[in-house]
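Before any comments, here is the structure.
In order of appearance the chains are A, B, C and D, and numbering begins at 1 in each one.
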Amino acid sequence: MEPINWHSFFFLLFGALTAVFAVAVVVTSNVVRMAFYLILSLGATAGLFFLAGADFVGAMQLMIYVGGTLVLLIFGVMLTAQGPFISMKTGGGEWVLATIIGGALLGLLVKTAFSVEDWQGPAAVAHVEGEEEHAAALPAQSPTSAPIGLGLLGVRTDKLDPAKAELAPGMAGYLLPFEIVSVHLLVVLVGAAYLARTKKRREA
Amino acid sequence: MDLLTQPVGVAHFMAVGAVLFVAGAVCMATKRNALGVLMGIELVLNGANLNFVALGSEYLRRDTALSLGADGNLIALFVIVLAAAEAAVALAITLNFYNNHSTVDVDRADDLRG
Amino acid sequence: MAEFFIETCGFPGWLGYLVTGIIQCVILIHVPLVGAMFFVWVERKVSARIQDRLGPTRCGGKFGWLQLLADGVKLLNKEDLMPADADKMLFRLAPYVSFCASFAAMIALPFSDGWVVQRMDAGVFFILAVLGLEVFGVILAGYASASKWSLFGAMREAAQVVSYEVPMGMCVVVPVVIAGSMDLVTIANKQAGLFTNWYLFHDPFTFIIFWVYFTCGTASVNRAPFDLAEAESELVAGFHTEYSGFRWLIFYMAEYGSMFIVAGLASILFFGGWNGPIPIADWLGLSYAPGATDWQWQGFLGNLLGCLNFVFKAIVGVTVMIWVRWTLPRLRIDQVMTTCLKYCTPLAAICFLLATLWTLSGVPFINDIAPRGVETATAEPEEPPAPPAVAALDTPSEER
Amino acid sequence: MDDQVLGDNLWQLLRAAWLLPLVSFTIIVFGGKRLGKAGVLAGYLATGAIVGAFVLSMTAFGLWLNAYGVPKLEHHGGEHHAQAVSSGGVFSLVKFQEEAATEEHHASSTAHAGTPHYHAGEWYRLAQFGNLRASISYHIDALTVCMFCMVTLIASCIHFYAMGYMHDELHDITDHEVHLRDGHHLHRPGRYYRFFQYLSLFCFSMLGLVIAGNALMVFVFWELVGVCSYFLIGFYIERKSASNAANKAFIVNRVGDFGMLIGLMALWGSLGTFDFAASDLDHDGAIAQNEKGIFDLLRDPANGFALAPADGMVAAAAAADPEVQAAPTAENIQNWRAQGYGYWLLVIAGIGIFCGCVGKSAQFPLHVWLPDAMEGPTPVSALVHSATMVAAGVYLVGRFYPAFAPEALLVIAYVGAITLFLAATIAITATDIKRVLAYSTVSQLGYMMLSLGIGGWIGGMFHLFTHAFFKSLLFMCSGSVIHATHTNEMPKMGGLRKKMPWTAYTMLVGCLAIAGAGLPFAIFGWHIGLSGYYSKDSIVMHSLWYGDVMPRHAWLAFMPAIGAAITAFYMFRLWFMTFAGKPRDHHIYDHAHESPPIMYVPLVVLSVFAVGVAWTMPFTGLSLDGLLDSARWPGTNPAEVLGLSGVVDPHQYHGMATIVAFSTAIAGITLAAVFYGWGYLNPEDARRQFAPIYTFLRNKWYFDELYDFLFVRPTHFIAARVANLDKKWIDGLIDTLARGTKGLANLDDVIDRYFVDGLVNAVAHWTMSTGLALRGVQTGRLRQYVMFIVVGTVALFVMISFYASRA
């Protein structure tokens, strides 16, 4: 019995949670429970991010998605949650159709994902140091937020290291997209506020 | 079984991402509640995000030189932010729709039907 | 700690991590449990004093030490009620959701130099994010208990928390920018030395920012005067109207736990964490030799003192919250929003801008005069201070 | 005991088993009504005969095992299957035995080098034309023995069952489905004895078909089986539907048999023999050239049993070619064979014989007769149309397997795959309980054909046996239900579980078996399941393998998996609709009752076999597939028979196959449960959603209409034309002149209206119609749009994976 690789174990755990709750979102008809399962699913996804070594993205996922977006969503649910809308049923035929097509899509995606040999996972190492490596592979030991922050400022430090010489050309920073996105966000918020305001009945 | 003893790879993350994506698509296709459709969209975006992060990760592939590096994380960040924006607008639209039609059933939103 | 088990005790790797995790959980779980008991006792005493009463006196000793233990036992024995048309599953889950949130936030909260369950590179954000999850427990509770009071409470809570996360985030970013790292341990270590090194006194704007942060923190854990979610005057008890007994108790533990976390975060970001006003421990040599990796009793003692120091600061913060609660009247919901959007946010934004400029423009600040500077690029007075992110690049090098 | 005594005992036992039903048939024919009261003894007589046959067959089975030991199935493919069981393949012969053959001219011989054990010989030679012997001969190998046991066992069960089922026929009965002119129902005497007489005749012919040692004898009994089927389908001859169905079955079978005749002629004309395998006829202890069988000629042991057209074929084909003038000397024949002469003759022979099987076992173009054959009494459906007769086609393909060229196998595979899918889809919408089972039979036969066609000989034969057991079980259960409710319509049933528990649960066993239920733990090295699980497993395994080694026909590989899902779905749809839920028709429900023990005891017996027939017997290692494999002719393992070389071993796909088969089956069962068991979803919704598909399937893909249009109508049409031909000739002359003038007058009008106006109108109309057509797309339904997007994505993926990856 070879020792269990805990990185993989936690991946399986979080992956299973993510998938199960995602499916739960689909099959539940009560919209509030849908929101709840969605939260759990996205939280587990954040866990997967941490496992993939992207702790900043994971924290962002928790903060913006789970903290912000979903609160908005639940807010909307509560604003519109009246008897008939809490749970809306869908016809059996549509379910079957969607299930068949979705199943086909799923099969194709998974098949495609596993068809690339380089993605099958890191080269299997002997298990003892393999465990060390994956213990070390836990995100906390690798600073990721600083390169990301610099990347947003237009400097790509992660492309400086000689290990990835072939990536060095095109030190593409993300300053402009960053600005665009921030302005876009501002516009969006104003627009949302405008859209969502209740119309005043003005006569004449 | 050897999933427990072998290190997982990008493909495994992508499999989970695929589940998320398909779940989201089916959710969009089957829910009549506009907010349900919104949640489906969130699921789809997360599936895509998972792929970006996995591709950007250093630990998940044989040849780490090929990984997207910080690009993966950055794109994932943009996706998250834009998803937030999208959620805000979509929510506003939904509320507006609810004010005018007093329902959130997307099947009733077919005023422009040909 | 895991290294201790694996290398010193020779455990197999996974067992080492397992034992470490269990021990750390057991230690941490006392913060919300014992902490809640202690803080409730403090709250009752303080409120009593403020209202010119005595508060609990009888139960156990002359200060009513054991009053809260008695309360706990009473709560455990209470009947567990659930409204008939509640959403059973969500009703049951809600308290645990908010408790888990505030408990999980402690994973990244360092109690002393290196005394942290999981040292994260984005620790600050992790704590903020996970604390933000606490609101879900409240919202679900409000929805699930199928009572309009609870629903109103929950919606207020949602609006309040979402909007207060914005200025709070800005305030938190300021120390991050100054320290050039989001790792809480690094941030705190950069404030070592005299109390003049605390970021509170780093420049006028951080001084202002701290108060904004504290206000927002108070609001985000919905304590008075921002406790609109449980305003007993208009909503019977807000989101936990329908709760009783153990579930209600769990809500309270979550609330006090997150109070502690917010206060602790404040003490790390602005009050130098475990670095006392006067670095006695350092002068006594009670610290790890730089670059030392093995276990040394001086270092352990120093960390222990630091931990006490940190906890003391946190308790002071909580006490201030309590004091505020029993002093100020509760705001109206629109006033709460006004406070957030019209005052806190612009103030935080401006201070954030100015503090960043201050840091970038090489104004020599008080840290440089300090006897024992911080060994980073920012500490060298002659060369212009590097932009924060660049400083962040070599944070790994200065880990002990 | 040594080989020759064994051979004699075997053929004596099996001949007795074969002739016993004939005896009972003869007695009943002459005895008729006089046997006991209203011929009640006929039932006992026929039953006794078939039971005796069963006992004899089991004895022969025991002898066989005792002589050749328990064959082990080695999962490596390859040739040593045969070696493993053929005692090193020593050349051995049976000396002529005077006392064994009394009045008939008899000979026997056993396997020679490399071939599996078989005993072939001749009982009676009807005639001899040159080299061609028309004789009553036998060919006994493991397959024959197993078939004997299977047929006799099922037949005995069904005889017992029929004694209960046909009980009404003992006295005069009024047929409520036949309306006479005077409005009354038909009143006729019972035909109990006749039913059993037909059954006996059928058993006799089936067993003869199995034991037959040459193709001619096979053909004779083949037709006998067809006749019996005709009698039995038309048992209620007064019913219009019944007689029509009987005619349909008979005629459709003739169509197939025509092809079979062609195949037989091709073989005879080119090979000069009908025998399957060599047998030493003149007892000189050696196999002369004219004693060789078809298989020996086509697969010469000299060059490793590789399939090659025999000399006769090459010569015949070359002689038919005008360019070739040379005389058929040995080296000429070699050259011609090298040039490919005679190969297509071989292919044609294979396809021709397969045509017969298409008719008999209701494959794709000729599948229309089987569902209508359900007009016969249910025991007939169980015996004739599920277990034995339709299986005869598959049996023949399996028997002739060494003679099939890869091209012929490809045809078989395609026909099988089409049948499998088509019948399964039709079964989804059928509401007549027996028709569902009939279509499922067709679909399962398609499974077997597909498996044989893609080289999975074991899979096909294996499925033939397991399917025989659970399908006869299912039919008898449905018969018991019909017996209790007096209706075939499932929508009128429901909730019968409480009324008739024995039937319900035996049928559940059958459904699980046909759905291939089991625990898919092959990944951990062990797995256990019902019989259908193993056979379906083997088929899916071979199909996956086939999909990889033959990428151009890869879609065949998906068929078994899809079919498994659909099978599970409609079988459990049937079970849930019949036995679960609330009773839909209380009148029927209240009158329903459990059948008498004589009817449900056979069910229990059969269900035991349906569970365990495919298991490897503990302590002995005896397994059905092992036995069958020991009968496989050398040179016919999957790779070789497809003419491939250096490909992977199919058994590598076993793990995946188990997972695939299991998951698809579970998916089907779950879907059925969701619709009909738990009622989460309403079938009506699905019907509305897929309305066009539903009607299409509901009308059985419009096959009857199609044939009506293709064959029946034209006949009438031509007849009518011929009838009034001369009238047209006479009138035509004058009419032409008048029409000419009129046409001339109309011409410019036509030009003006159609060409000038038409041009303008066409443009306008085209624009209009385009607009209207596009308008429909804008349904304004968000979810529909999402669905379009997803479908587009899937299609894109598929296209890329098919084309981009091939490049």
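Rule of thumb we're sticking to: a contact is a pair of C-beta atoms (placed from the backbone, for glycine too) under 8 Å apart; a residue touches a chain by one contact, two chains touch by 3 or more.
What you are looking at is a predicted structure, and each value in this text was computed from that prediction instead of being measured.
Asks: For the interfaces A-C and B-D, which has the higher count of C-beta pairs in contact?
Replies: A-C
Asks: Approximately how many whole Å separate the CA-defined centres of chain C and chain D?
Replies: 75
Asks: Return the distance between the CA-based centres of chain B and chain C, expressed in whole Å.
Replies: 32
Asks: Give, as an integer number of Å, the spacing between the C-alpha centres of chain C and chain A.
Replies: 27
Asks: Roughly how far is chain B from chain D, centre to centre by C-alpha average, rounded to an integer in Å?
Replies: Roughly 49 Å, centre to centre.
Asks: Could you say which residues in chain B touch two or more other chains, in rising order?
Replies: Each of 25, 29-32 in chain B touches at least two other chains.
Asks: Tell me, which residues of chain D touch at least two other chains?
Replies: Only 783, 787, 790 qualify.
Asks: At least two other chains touched by the same residue of chain C: list those residues.
Replies: Not one residue in chain C touches at least two other chains.
Asks: Could you draw the chains as nodes, link the ones that touch, and say if you get a line, ring, star, complete or other?
Replies: Chain contacts: none of line, ring, star or complete; other.
Asks: Would you pull the chain D residues touching chain A in the complex into a rising list?
Replies: Where chain D meets chain A, its residues are 671, 675, 680-690, 783, 787, 790-791, 793-794, 797-798, 801.
Asks: Across the complex, what residues on chain D touch chain B?
Replies: By the definition above, chain D touches chain B via 523, 774-783, 786-787, 790.
Asks: Can you list the chain A residues touching chain B in their complex?
Replies: It is residues 2-5, 7-9, 11-12, 15, 18-19, 22-23, 25-26, 31, 34-35, 38, 41-42, 45, 48-49, 52-54, 56-57, 60-61, 64-65, 68-70, 72-73, 75-77, 79-80, 84-85, 88, 90, 94-95, 98-99, 101-103, 105-106, 109-110, 113-114, 116, 118-125, 127, 130, 134, 137, 142, 144, 147-148, 151-152, 156, 158-159, 163-164, 166-167, 172, 174, 177, 181, 184-185, 188-189, 191-196, 198-199 of chain A that touch chain B.
Asks: If we count contacts the way the header does, which residues on chain A are in touch with chain D in the complex?
Replies: Residues in contact with chain D: 91-98, 101-102, 104-105, 108-109, 111-112.
Asks: Hey, which residues of chain A end up touching chain C in the complex?
Replies: 3-4, 6, 30, 32-33, 36, 39, 43, 55-56, 59-60, 62-63, 66-68, 70-72, 74-75, 78, 81, 128, 131-132, 135, 139-140, 142-146, 149-150, 153, 157
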